[in-house]
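Dropping the structures in below, format is structure tokens.
Look for chain A in each of the two complexes below; its partner is chain B in the first and chain C in the second.
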Partner chain A sequence: MIWQQLQSLAGSYPLALRGLGMTVVLSLISLVLGTLLGFGLGILRTGGNRLISGLIGAWVDLIRGTPFLVQIFLIFFILPEFGIELDAFTAGIIALTNLAACFICEIVVAGIRSVPTGQVEAALASGLSRWQRMRQVVLPQAMRIVLPPLVGQYVLLIKDSSVVSAIGLTDLTRVGWLVVQRVPNGLLVFFLVGVGYFIVCYPLIMLARRLERRMGAAHGEVQL
Partner chain B sequence: MLENFSFRTIVEYLPLFGQGLITTVWLSALSFVGALIVGIVLCAMNLQRGWLFRAPAKAYIDAVRATPLLAQLYFLYFGLPRLGFVLPELVVGILALSLNSGAYVAEIIRAGILSIPRGQVEASVASGMTYVQRMRLVVLPQAFKVTIPPLLGQAIVLVKDSALLSLISVSELTRAGQLLASDRFMPAEGFLTIAAFYLLLYYCLKGLAGLSSRWLGTAGART
Partner chain C sequence: MTKTGMTKTGMIDFRGVNKWFGSLNVLKDITLSVEPKEVVVVCGPSGSGKSTLIRCVNGLEAIKDGDLVVDGQRLGDPATNMTQLRTEIGFVFQSFNLYPHKTALENVTLAPIHVRKIPRAEAEKAGRELLAKVGLADKVNAYPAQLSGGQQQRVAIARCLGMRPKIMLFDEPTSALDPEMISEVLDVMVAVAEEGMTMMVVTHEMGFARKVAQRVVFMDAGAIVESGTPEEFFSHPKTDRSRAFLSKILRH
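The block that comes next holds the complex of A and B.
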């Protein structure tokens, strides 16, 4: 019985691999784009322009206040009404990138605000330009605060990518859903799906924990 | 563009949205209570000295944190009938949300308990308190203060996560939007309306988190 099911599951091996590939590609693209955009937004938000930082703050709140599933539906079904035709893959990338950017923006803002004002003042006094100040003084110190939650955010992003299966993208979760229609053993099928995600996510979780510990240790040194 | 955006249809479907909103609220509340129970049990297991309780708790927390909620939801939805438990979708959904959020709640409570300075515990041991007295009189009241804001943050996450239950056809808020989108081909009306309702819930909980952290004098919630 179980043996037969395992055999018929083995037939879905190529499909599963494609699904895992789709999950990884989706996550990787939106991770890179989201990080760049998130840092940009975070720097703009702490830039001092009231209007810009208010707008970014409002947008971040809108995204944090609504379920990701609803965001995907909005992008996939409503952007076409504005004349922007999207396939599911592009819609998924846009939704995930936007989500990642908003959360990373918050992380970056927290990091930048953690840098003591004395540092910024000293940089100003030494005649560094805005860009130099950010790149050589503020960001390197902010990174200590930013890095652990950033890695944690990547884990969330990979997990959230499973929601794009709702608009028909064949990612790992969707593959599980397809296979379970044929092999009616939900426990086994979704256990294997879970293993797939675990292999990708767990190393990142470990990395985030290590970074947190190291940052804690570094922090302790400063306090001494 | 959205030139034929129909407010009339939204008003017509308002009872459906209202029902969806109410379902989302009470199923999230119920799941949150479930998550608290699961979290407290997991945390108690995780704080034991021996590995017998600790190892399974840690494995469970890691497994939940490293896999998506949607996969967990399908695991229960397609898996439970296999074990002979044929439950309504709503019950499966609440179960999945409780079991998922429970792992995060366990970590929040643990962080709260571990935030109590070691000296306090040692002092209470030195004053001859029993384990229960120590927990009840020294550790928990202080840990409570630290955990409330992040717990409210977790409640926000839970409300948003409950949208996924629409995918196993639980008739909550997102499902109401989907119905409008598919019955009348009005995705804009459907999804923008539910987005507004979710924002309403979000701002309520966020306000509550802000108030609680002001009352308790702790740092704000991370949502």
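The block that comes next holds the complex of A and C.
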């Protein structure tokens, strides 16, 4: 029986590849956009404007404090009520980008705040503009703190992308649901789905670990 | 060092400046004028407000009331472009504050390239010359973590000089240094002073004060208690507080 199931599974591999491809494409686009947006939000959050900073803080808390599934439903099912029709792919990208941006914003804020005040004062004293201080002095130093958790966050977000299957996107998780209807062995099917995610995530886990070790070692040399 | 009757020629003019941290009056009615090319040493016990005083000059601290006019521009005035004014004022920190991710040369050339818009090649040539001038020609490509404290502080001075400032402010530049490194930094500061830089120096290095300062200002509890030539101040301090302070720092 297991032999038949394996044969049947092997027949589903084009579907599985499509699902894996969807998961990778969705994650990749959302992570790139989310990183850009997250850095922008993080920089604004630490900027001088209290109103903007407060608004971003509230939004980040809201997103971090609600389930991702609920956010996706709101975007996909509620927005059309207000005349904004989105296809599942766009809705998935928006939801995942927003989630990524909020988590990355918090990481970036922590990184920026870790840079000693004296660094900003030195940059200020030599007449660098706000953007130059950020670009030349603060961000390069913040990156040491930001990079390891950033890559770690990517892993979490790739796994969170599985939630988009709930609005009908044929990602790796949904492929699992489809296949399990033909091959009634949930353990086997979802074991393979898990392996699929692991293959995507493991290189990033290794990267995060390497970055952490490298940053840790470099930190010893730098006296501020 | 002349004062005309009608207009102030001071490069830095404090007129009745007050500042509070919460309810603490950290600067009390400061009136002080520093002439172009003058070197003023500010000393006083810890917590007397001397660092705050010079941090006000480039706007790292804001003043509460009174007037502070630097290079003809009134601080706090909406017409004063603070970023522009800061390019004319070098500031040397007690803890150096070099950029740890940039080499000595990059530390020196960063502001000239990005703020003064000097072409990179030209800025690097000038930067190398400045580092050579402070005795670090061989450390051009070293990172701050690879330099001793004295070397870092000399890079920090070169970083300020790279902007060709009109004024240099020093906030206890040798306090964080091991004793054997103090003189290499003071030597550079003496050279800068002798080239005619307007300087305010917070320091307890009395040898430096005697050598290059025109004036020593003694502060206590946020106020200027005494002001005079180094000779007057060290030999004939006028107040009990300055006598007590001098007896402490000159004992060793």
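The rule is simple: the second predicted complex is superposed on the first by the 222 of 224 C-alpha atoms of A that agree within 3 Å, B and C clash if a C-alpha of one lies under 4 Å from a C-alpha of the other, contacts with A are read in each partner's own complex, and residues count from 1 in each chain.
Going forward, a residue touches a chain if its C-beta (ideal position, glycine included) is under 8 Å from a C-beta of that chain, and two chains touch if they have at least 3 such contacts.
The shown structure was predicted, so the numbers you read here are calculated from the model rather than taken from an experiment.
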**Message:** Is A:S129 touching anything from chain B or chain C once the two structures are fitted on A? First, second, both or neither.
**Reply:** second
**Message:** After the superposition on A, what does A:S12 contact: first (chain B), second (chain C), both or neither?
**Reply:** neither
**Request:** Answer with first, second, both or neither: which of chain B and chain C does A:Q141 touch in the superposed model?
**Result:** second
**Asked** So, A:G118: does it touch chain B (first), chain C (second), both, or neither?
**Response** second
**Asked** If you count the residues of chain A that each partner touches, which comes out higher, chain B or chain C?
**Response** B
**Request:** Using the touch definition from the top, say if A:S27 reaches chain B (first), chain C (second), both or neither.
**Result:** neither
**Prompt:** Which partner does A:F68 reach: the first (chain B), the second (chain C), both, or neither?
**Reply:** first
**Request:** Could you tell me which stretches of chain A are touched by chain B in one complex and by chain C in the other?
**Result:** none
**Asked** chain C touches which residues of chain A in the complex?
**Response** 116, 118-119, 121-129, 132, 136-137, 140-141, 221-224
**Item:** Residues on chain C engaged by chain A in the complex (per definition of touch)
**Value:** 58, 60, 83-84, 86-87, 89-91, 93, 95, 97-101, 110-111, 114-115, 144-145, 159-160, 163
**Prompt:** So in the complex, which bits of chain A are touching chain B?
**Reply:** 61-62, 64-71, 73-74, 77-78, 81-83, 155, 158-163, 165-166, 172-173, 176-177, 180, 184-187, 189-191, 193-194, 197-198, 201-202, 205
**Request:** Please name which positions on chain B make contact with chain A in the complex.
**Result:** 1-2, 62-63, 65-72, 74-75, 77-83, 160-164, 166-167, 174, 177-178, 181, 187-188, 191-192, 194-195, 198-199, 202-203, 206, 223
